[in-house]
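Next come two complexes built around chain A: one with chain B, the other with chain C.
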Partner chain A sequence: MISDALLLGLGYNATLVTLGAMLLGMAAGVGGTFLFLRKRALVSDAVSHATLPGVGLAFIIMVALGGDGRSLVGLLLGGAVSAGIGLLCVSWLSTRTRLAEDAAIGAVLSVFFGFGIVILTVIQSMSAGRQAGLEGFLLGSTAGMLRTDAIVLAGSAALTLLLVLLLRRPLTLAAFDPEYASASGRNVTRIDLAMMGIVLAVTVVGLKIVGLILIVALLIIPPVTARFWTERTDHVVMIAGLAGGASGYVGAATSAALPNVPTGPIIVLASFALFALSLLFAPGRGVLSSFLRHRTFQKRVHLRQGLLALAQNQPIYEGLTMRLLKRAGLVLADGVPTDAGQARAAKAMLDEARWTIVRGDHSYEAAAVLYDGLTDLETLLTTDQLRDVDAQLARPQGVGA
Partner chain B sequence: MSGAEFVPLSLTPMLIGIFVAMACALPGNFLLLRRQALIGDAISHVVLPGIVVAFLLSGMVAALPMLLGAAAAAIISVAAIEAIQRLGKIEPGAAMGVVFTTMFAGGVLLLEQSDTSSVHLDVEHALFGNLESLIWLDALGWSSLLDLDALSGLPVELPRMAGTLVLVGLFIGVFWRPLKISTFDEGFAQTIGMRTRPLGLALVVVSAIAAVAAFDAVGSIIVIAMFICPPAAARMMTNRLETQVAWSMLFALLAAVSGYILAGYGPLWLGFDASVSAAGMIATMSGVLLALAAILGPHRKRT
Partner chain C sequence: MSVELATLNGQQADRTARNDSPLAVRGLTVSYGQKPAVFSVDMTVRAGAMTAIIGPNGAGKSTLLKAALGILQPLAGTVSVMGKTVADMRDSIAYVPQRASVDWDFPTRVIDVVMMGLYAQLGLLGRVRQKHRDQAMACLTRVGMADFAKRQIGQLSGGQQQRVFLARALVQDADLYLLDEPFAGVDAATEKAIIDVLKSLRDAGKTVVVVHHDLSTVTDYFDDVFLINTKAIAHGAVETTFTQENLQTTYGGRLGGAQMDALSGTLG
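After this line comes the complex of A and B, so read on.
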């Protein structure tokens, strides 16, 4: 069943929704990257919660005008309007009053959501028999969607993705260096506005697919995931788009196969799985690779200290050092150095002496700053410089040239 | 309205609403000043999986296992946020976003997959709670307040929330000076030998206790609103912490009472016969109060 769904074998509507979720995930991943770089990731949480009263009011208005109130486009438009008002409230509270942005986000989120719930209970009482199914907007539900709705969703997800891709250059610039952006003649306020517009679009399109409580995850988790793999913005944008798209696709397909499970949580968990994999296994910043790097460094330090101890005929008590020396064939089982061990130890001693000279001489400043007790001097100095250092070594210390 | 109607049907939910509002707004003052305002939001999302797991393990909807489960989930989430922040060098807001959405999603999925249809446990309940249902059926009127038999029929949420409020109040009262100093000048607090990290952690733990106890009674939406809105509105009224806390208590009280009355009786005044969600209305009223304070408050501007 699930494999059917992953291969898009569940019929035309489910396929459309799945593709729509994928496009939405890509748009959210790419758009979310700029929010993340701007350190404003949680603004989207306020925006998404603020859609609820709009959706409810749109339903009431449509019913009052004689419709059945279920038109998806109408509901989403209502959501967009109240989300826009919520966004204005956040920026008004955080710029015109003394409240910090996080407090403004929390206030708008909870008040709009609370008001939305009041509206939902009004709807429940006014049309008891024909429940509007507005609960589907809380956690996303793509089961039993109308063909036209599926087309609208897939189409608007594609449009959002296109918009993000078109705006990515100015967005990158403003995310990294707002001062430079405005000095080079760009209107940063307008770029920020465009960024919020994208967040708004992602949120509104995602209402039916992911649900308003969890849409924020789609804007935050893929960029954070991507950040583990690369240090370059354009790559972060790309990887975030891929991660978002993959989780949208897998999540929506799985939920099409399991109709009583809300779509949003599955998409979020799929995207968290990608995040967890990256956290553990990404090269460079991942946990595993940091651990390995730490181990390698530890081994080099222990080996070096062991060799210095051998050279000075000091006993070695530390277990790890002894094991490393034995494994490298530098000492015998009873702790007596082999010939190779003797040679390496003498070399380590010589290097220490050379380093002392290099660090005491201003003409080697460039090399001296790289001193960490481990680097081989041959990799930093030329043969001529080494010969000069060795010449100083041979001279009695403390006598000038 | 007569006591015979008010006391059994409205007195206890209203009191519970007031206790919840005050217990959340009290630590909210400090969280707001420490730029940790969204902690209430995060806590109220992450306790859902804890409560569901506690239900699946214990097989019943009882207070103690649920509180334990919620507490465990809150601790796990704090550890996870810290770990992600450290390991991945991710900014705190984003790390929080990753953890609380994932845990909430996991909780919802568990809830939908397990058979909880026989008990009163669903996502809507977790979000909006059901303040209106916490009625006191044994009461006959104001005189029941002196009647021990009737008093034993009080909904358990009422003494529990009152206890939580006392606990939170005691914590804030006992640690008032250290909290105040470390909130405004952490560096100074450290130089005079205060252990600011454990203190900050204790504040978060106390907030979590308030949130979990309230969550059980009234759902998460009031919790989030009360952590932020009354303190934020109070912030616009004064520059003194003592006065700010007093204002926030007043705003919390006003929001709870006016929200409950508007939800229960507002639709009747407008000619409808049903009531609306009290939790939602209380949150809305706290927003109205915040808006008024933000427009008219004497200290609304940054100086």
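After this line comes the complex of A and C, so read on.
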């Protein structure tokens, strides 16, 4: 069943929803990257919770006008309007009053959400309200979604994605260095507004699929996942888009195959799985890699210090140092250095002397900044540079270059 | 006091005059809350000169620069650049913010930061071509950072980060360079590299304005000095303006006798 869903074998509607969720995930990951880099990720939580009263009021208005109140576009427009008002409240509170942004987010989020729940309760008591299915907006539900709805969602997600790609330069600049952006004529307030507009669009499109409580996860987890793999903004954007798209695809397909499972949580769990894998196994910034790097480094330090001690006929007190030296065949069981040990010790002393020259000479700055007390200079300098360094070594101390 | 009054009166006089100065500020007041950080400041920067903005901590040096650039919204006052508005002349202005104003763990490489200086020229979707990359590399070479192009910015020392910021300003190929504390917390090699670049800019006819905190290097580095402590105190050539009397007024006695003695060798 699930494999059918993953291969888009569940029929036209389910396929559309799955592709829509994938596009949504990509738009959320890409748009969320700039939110994350601007360190304003939690604003999206206020935005998403602020959609609820709008969705409820839109339903009531549509029923009052004689409809059945279930038009998805109408409900989402309502959500967009109240989310927009919530966003303005957050930015007004944090720029015009002494409230910090986190406090403003907390206040707006809870008040709007509370108001929304009150409206939903009122709707429950209306005769048209029982079949409204508005609870689906809390955790996402793709069951019974109409074909036109799916097309609208997929189209909006694609448009949002396009908008982010169009604005990526100003968004990057404002996130990294807002003062410089402003000095070079960018209106940072307007760039931030555009960023929030993108977040708002992702949130509203995501309401039906992921639900308002969990959409924040789709905006934040993919960029955080991507950050483990790269040191470049454009790559973070791309990887976040891929991670978000994959989560949306897998989550929506799975929930289409298992009718009683809400879509949102599955998408979030899929996205978390990618995050957990990255956290543990990403090269460079991952936990496992940092641990291994630390262990390797520790061993190299011990070996190096041991060699320097041998070269200077100093005693070695640390057990780990001695064990490493023995294991490498550099000392015998009784602690006497082997021939190889003596050669390596002499080389270590030479490296130390070379490093002293390199670190004292500004023209070797690029190499000097990599100083860790361990690296062989042969790997960092050209043969010519090394010859110069050795020439300086041979010169008696105190004589100028 | 008489020197100061004469200077201020002089500035008062050209408040009304048409002004082609690379940077002219008139009656600028900026306040955080109810307390003005900069109060009714006039400043006319001399073209082709290197000017230091000097004053104690919290005297409004950086605020003056930011308000002149429109990064901060002033309460009052006008700013003109080469006789036009700042907005009209953006392409001729390069700004180097304080190093501490950004997060250096940001996922970006040295070369990418320098490329940001070309964003205005590239527009939203303009393709980055080899020509642009060459320009960026040439600027990194000028500040001695070409070997670092592919490094993540967080791996650099403070001085190296400052030089990357300078390279980003250089790639804009501007006429007016405004730098906020470029020598704060940098190593001697960086200080030398930066001052050499700034002097070469000045020698090429560019105008350079630097918020500066180290009084001992003012005479060596700069042509003009602008003394500020919320209000403008004095402005003019280093030889005539960087005097004990003006410094005493600017720092309000916060400079001890020993500091004054140490400076006396360099004072104009």
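Everything that follows uses one rule, which is that the second predicted complex is superposed on the first by the 332 of 401 C-alpha atoms of A that agree within 3 Å, B and C clash if a C-alpha of one lies under 4 Å from a C-alpha of the other, contacts with A are read in each partner's own complex, and residues count from 1 in each chain.
Keep in mind that, in the parts below, contacts are C-beta pairs under 8 Å (C-beta built on N, C-alpha and C of every residue); 3 or more make two chains touch, one makes a residue touch a chain.
All figures in this text were calculated on a predicted structure; none of them were measured in a lab.
> Under the superposition described at the top, does placing chain B and chain C together on chain A give a clash or a fit?
fit
> With the two structures laid over each other on chain A, which partner does A:54 touch: chain B (first), chain C (second), both, or neither?
In the superposition, A:54 contacts neither chain B nor chain C.
> Is A:214 in contact with chain B, with chain C, with both, or with neither (first, second, both, neither)?
In the superposition, A:214 touches chain B alone.
> Classify the contacts of A:97 with the two partner chains as first (chain B alone), second (chain C alone), both, or neither.
first
> Applying the document's definition of touch, where does A:115 land relative to chain B and chain C: first, second, both, or neither?
Only chain B; A:115 stays clear of chain C.
> Is chain A touched at more residues by chain B or by chain C?
B
> Does the superposition put A:227 against chain B (first), chain C (second), both, or neither?
In the superposition, A:227 contacts both chain B and chain C.
> Is A:169 contacted by the first partner chain B, the second partner chain C, both or neither?
Touch status of A:169: second partner only.
> Is A:177 touching anything from chain B or chain C once the two structures are fitted on A? First, second, both or neither.
Touch status of A:177: second partner only.
> I'd like to know which partner A:260 touches here: chain B for first, chain C for second, both or neither.
First partner only.
> Between chain B and chain C, report the minimum C-alpha distance in the superposition, expressed in whole angstrom.
Least C-alpha distance after superposition: 5 Å.
> Name the residues of chain A shared by its contacts with chain B and its contacts with chain C.
39, 227
> Which residues, counting only chain A, touch chain C once they are in their complex?
Per the stated touch rule, the residues are 37, 39, 166-167, 169-170, 172-173, 175-177, 179-180, 182-185, 227, 230-233, 235-236, 362, 365-366, 369.
> Where on chain C is chain A touching in the complex?
For this pair, the touching residues of chain C are 66, 69-71, 87, 90, 93, 95, 97, 101-103, 106-109, 112-113, 116, 119-120, 122, 124-125, 144, 147-148, 152, 155-157, 160, 168, 172, 178, 189.
> Can you list the chain A residues touching chain B in their complex?
Touching chain B: residues 36, 39-42, 45, 93, 96-100, 102-103, 105-107, 109-118, 120-122, 125-126, 135, 138-139, 213-214, 216-217, 220-221, 223-224, 227-228, 260-262, 264-266, 268-269, 272, 275, 279, 285, 287, 290 of chain A.
> Considering only the defined contacts, which chain B positions touch chain A in the complex?
Counting only chain B, the residues touching chain A are 32, 35-38, 40-41, 84, 87-91, 93-98, 101-102, 104-106, 108-109, 112-113, 123-124, 127-128, 221-222, 224-225, 227-229, 232, 235-236, 263, 267, 272, 274-277, 279-284, 286-287, 290, 294, 299-303.
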